[in-house]
Amino acid sequence: MAVRAAVAGASGYAGGELLRLLLAHPQVEIGALTGNSNAGQRLGALQPHLLPLADRVLEPTTTEVLAGHDVVFLALPHGQSAAVAEQLGPEVLVVDMGADFRLTDPADWERFYGSPHAGTWPYGLPELPGARAALEGSKRVAVPGCYPTAVSLALFPAYAASLAEPEAVIVAASGTSGAGKTPKAHLLGSEVMGSMTPYGVGGGHRHTPEMSQNLSAAAGEQVSVSFTPTLAPMPRGILATCTAKAKPGVTAESVRAAYEKAFADEPFVHLLPEGQWPATASVYGSNAVQVQVAYDEAAGRIIAISAIDNLTKGTAGGAVQSMNLALGLDESTGLTTIGVAP
Amino acid sequence: MAVRAAVAGASGYAGGELLRLLLAHPQVEIGALTGNSNAGQRLGALQPHLLPLADRVLEPTTTEVLAGHDVVFLALPHGQSAAVAEQLGPEVLVVDMGADFRLTDPADWERFYGSPHAGTWPYGLPELPGARAALEGSKRVAVPGCYPTAVSLALFPAYAASLAEPEAVIVAASGTSGAGKTPKAHLLGSEVMGSMTPYGVGGGHRHTPEMSQNLSAAAGEQVSVSFTPTLAPMPRGILATCTAKAKPGVTAESVRAAYEKAFADEPFVHLLPEGQWPATASVYGSNAVQVQVAYDEAAGRIIAISAIDNLTKGTAGGAVQSMNLALGLDESTGLTTIGVAP
Amino acid sequence: MAVRAAVAGASGYAGGELLRLLLAHPQVEIGALTGNSNAGQRLGALQPHLLPLADRVLEPTTTEVLAGHDVVFLALPHGQSAAVAEQLGPEVLVVDMGADFRLTDPADWERFYGSPHAGTWPYGLPELPGARAALEGSKRVAVPGCYPTAVSLALFPAYAASLAEPEAVIVAASGTSGAGKTPKAHLLGSEVMGSMTPYGVGGGHRHTPEMSQNLSAAAGEQVSVSFTPTLAPMPRGILATCTAKAKPGVTAESVRAAYEKAFADEPFVHLLPEGQWPATASVYGSNAVQVQVAYDEAAGRIIAISAIDNLTKGTAGGAVQSMNLALGLDESTGLTTIGVAP
Amino acid sequence: MAVRAAVAGASGYAGGELLRLLLAHPQVEIGALTGNSNAGQRLGALQPHLLPLADRVLEPTTTEVLAGHDVVFLALPHGQSAAVAEQLGPEVLVVDMGADFRLTDPADWERFYGSPHAGTWPYGLPELPGARAALEGSKRVAVPGCYPTAVSLALFPAYAASLAEPEAVIVAASGTSGAGKTPKAHLLGSEVMGSMTPYGVGGGHRHTPEMSQNLSAAAGEQVSVSFTPTLAPMPRGILATCTAKAKPGVTAESVRAAYEKAFADEPFVHLLPEGQWPATASVYGSNAVQVQVAYDEAAGRIIAISAIDNLTKGTAGGAVQSMNLALGLDESTGLTTIGVAP
């Protein structure tokens, strides 16, 4: 089977990472590549690491250009996917790497994005309970946000096993590529090297409702989320430190057992041996997720920590993994659990 | 007044930072510099940034060498200060930058350090309620740990004003200098650049009881601490994200007011204007502390975040600030609130 | 004596570093701070590391605002200083941190900057032969470029002692702050971390004629310069590797002797002991210059290497040092040779 | 065909990178993995990014353990390969990633390594004139050093086309992984982040004779090399800035033409379009080489710059590429020209 794929938004970081993965996918043929402000430019000037595509030229993001592909990936600014998607036929697999179709509650969408809610698509985090079934054969996929990917995978086992109280406290550090390629002063190398700084503190980050949605579904009750993202001096990676008060009767053993069970058959999630902790460097460029969990008896809290590559498992790798499921391919096709380190 | 100061442990990061500050202190004359494995070496080879001291030679850390100074700073591995200190006369100001005399509860010490408790000295964090009075004129000072400095300053106002429930959840990122200068594989540049990783998770970090001690004192009740430290790819800096559930009736205004009051007259703690968040880069090489606080109404939590330079305010700057108080000098002498950025 | 100083261009990196130094200068009182696009903003939002100036508000860069100061520093884009300077009276000390008045040959200026040459001012690199005399009492100073500072100090002793053939080959690595604070995609943290890349290769960099001018003056003959600058993943610092073929009869000893003589009385240039090499980290935030030199007998070349902080000695520190000379103050006032490390 | 490969020295950076590549090689089956001080440890603890091999245990480096493989890779400290290699039969392909068999002149070896010369094997840089023929079918391969790989590829076209005078001046920046995984103080993250520093200046670096050997062979005359390596604050990558005086009659066009011809059919060397310069980030984790060349008419010099990943093309990728040739496989099998960026 040859799957012909178009990428809308090929000049950004998410688009570039997607192309890196698609180039290694044995069943994908890369079709149209589009950009808006960069239309007409050689990809070699915009994504110099993608040598095999150096001479490809970006086209404008139009329905005509995107037509005639089996899969269309949308790596567009939040809020722009819906308009493009509705012009693509129902026979085309549309994988949206933006936020437009992630949330189930229109009120959440409107509060955080300030525009009408476009709808909800099957959610591209196959490791969540029930997610694989919804993705298999689907023609529409909403790829999760990078933070919700890291956080949901770290915490859902505790909630699914009813081990944790429904108030999660999360602090996560992200590499700068998560903030995109648009030049802004606070993202300059001079500013970020040597610095850690928080942003969107106090519930303001748009990924908060998505985390709450995922954890609540696992828990079967509403889980509130206190989420503080921080910008770390590295290009890639998310380290999510997620804690919740343990329910009565929880022990270190019951916590460990819940995590072992949750990830026993997962190809990409690796529960580390006890005593070893996740590091973003270990999953650099990989679709793997490193998870470790501890029970702090003195504080009465479960502490689950995950490391992902925000651009791979957190964005483009999650998109390819979901595409594989939607197309009926082996879920791991074209993806690796091997990081580039050191 | 000329104060003659000796530094035991001058070849490490804490000792080097202390010397950097003492060189700028108008009333200090730098006396003996000692090291053990490095005794006999030129300081220029060990601390090449301290140009004015390049030709000084390290002496062994003995009572004879340390004798005859007005102040002796101990920048020694934890557990080694007590033996040295007891041989220094009661008329000498001894400023211990190790952990030996920080904890009030011998059981805490024994649990985390595994040796008999040496005692408790006045605690060198002047900004804490009551701390200045204990430091003024004292001949013994226990300089706080770097994490407890950042965390206690971020959270004590909430506890002192009875705004927060006595269960704090803290995640902090530290630059690598906090781990010291002894070569270890996981601290190699190749390993740390591009990586975030936690350590001492689940209550195991030795700074946990010190934080709990400080916050409990401010609260007037026992405060439990869930503390997760992470290693960040930067040489210096701590960003501490500290949260606690708000007590009933708390509002954004009452939180802000408590912090404004707590830091109104502090020369080194800067409560940022609303909307601006701490960044470790802004306090690089400075004794300043940036603090910001938010009340997340949806999650019902207070989120207080601080940034310090772990080597300056977190270690050597705190030591000099305490020395100034102990000697009756202006507390700010020789210290700056100006960072080196970008 | 109280010197009242204005800074035009206070929101950029050069302006920020200058303010950091002026705050530590015992005889300077900081007057007007100007910016153009940032006029009206609090300095605390633009330069959050300069805590004592946090509440100062930027004014527009006009003659009225700059009037009434003893010293006016111009940290403006290249080509904009001349227009401002000519409106400042001859009694005002004007220190230009831009390129406008550095070059002596109008043809060089026109070739590299494409506009009419504004003139030549005394050159603010006091360590060069004859430079101090020209600066003392001058009312106009042209601060050198950061690369020419590093390169000229590394190589002029070899040329002044007639040890080197008049063809210098220079490769220098600069931290990203040298490229300024204007947001550009290739300067994003995501792009620069983990990457080394050259620019302005083949003689195109505007600092090339300035280097040639300095080295030719030292040599007493025209020195050609092959200069390749590279962008390094660090915020600050320049490491300049400068080589030239040795003239006949040169020995390792004659090279060493020339450098020892050249820097014997220099307060800021430190010729390292043999076997120790410059590191940018050692001069971080300092006005010091580390220099080392070797004679590669097999290749017949002299290799001189210098490390500076591009913002301090390479820009703002050089400006203050020159101001001190122009005002008749001790040359080192307000400046340090102590770096912030690690 | 299934090729069974053993790796001696699997715990270091070169060994880890080799395993990363072999895991992606469709015809290689990974056999014994050995280490000395780390024998008995799980690879998951030593190379946590190599998830599929996490449960493999390191064996001691003995003839018995290495026996029975089709290929044995030696990633051992310099000087240790010869003793191991001579115990492996002539039917086994031995790929030495150390220096032992790179140099043709025993005097060079003895001068730089201080031990008897073990011999010379076919040199694993297929892009050099004549190198492929020597590698095809060979049972012994000497993988080049990382610096010589970058430098030889940047400069040999100029020498092969008789465009350059036989005195090359080279300054190269390397990521820290080139210095290995053995903990040393100057390689700590605290030391290297934010710093550039040279080492082995003045002809002392062991890679110098290897560069000279390669360039001399291309030139047909003895080429002297002035080589200055610098340590850059990044984990991986080499940027080599290589210059030489142009011979009379050289033009920008003749230089460009020589490089286009040299690399026209090379699968891994990419001569960038004019105006675009190599960046180490673009070849991160890739076997690609980016090359650009300029002719500086004013200085009369050719400036050729290359970027490689020191661990991939500079070590393990070069080893796999050579193995492919030696085994009669397609040279590119298991290798990629796609970097992981940003």
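Read from first to last, the chains carry the letters A, B, C and D; within each, the first residue is number 1.
Simple rule for what comes next: a contact is a pair of C-beta atoms (placed from the backbone, for glycine too) under 8 Å apart; a residue touches a chain by one contact, two chains touch by 3 or more.
Here the structure is a predicted model, which is why all the values come from computation and not from measurement.
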{"item": "Relative orientation of copies chain B and chain D, as a Cα rotation angle in degrees, nearest 5", "value": "180"}
{"item": "Chain whose Cα centroid lies at the greatest distance from that of chain D", "value": "B"}
{"item": "Separation of mean Cα positions, chain D and chain B [Å, integer]", "value": "45"}
{"item": "Length of the line joining the C-alpha centres of chain C and chain D, rounded to whole Å", "value": "37"}
{"item": "Set of chain A residues in contact with two or more other chains", "value": "13, 175, 177, 181, 188, 190-191, 193-194, 233-236, 279, 281-282, 284, 342"}
{"item": "Contact set on chain C toward chain A in their complex", "value": "13, 175-177, 179, 181-185, 187-194, 233-235"}
{"item": "For the chain A and chain D complex, residues of the former touching the latter", "value": "13, 16, 20, 23-24, 42, 44-45, 47-52, 54, 177, 181, 193-194, 235-236, 270, 272-273, 276, 279, 281-286, 288, 290, 336-342"}
{"item": "Partner chain C, residues of chain D touching it in the complex", "value": "167, 169, 171, 173, 175, 188, 190-191, 193-199, 201-203, 224-226, 228, 230, 232-237, 239, 241, 243, 245, 277-282, 284, 292, 294-301, 303, 305, 307, 342"}
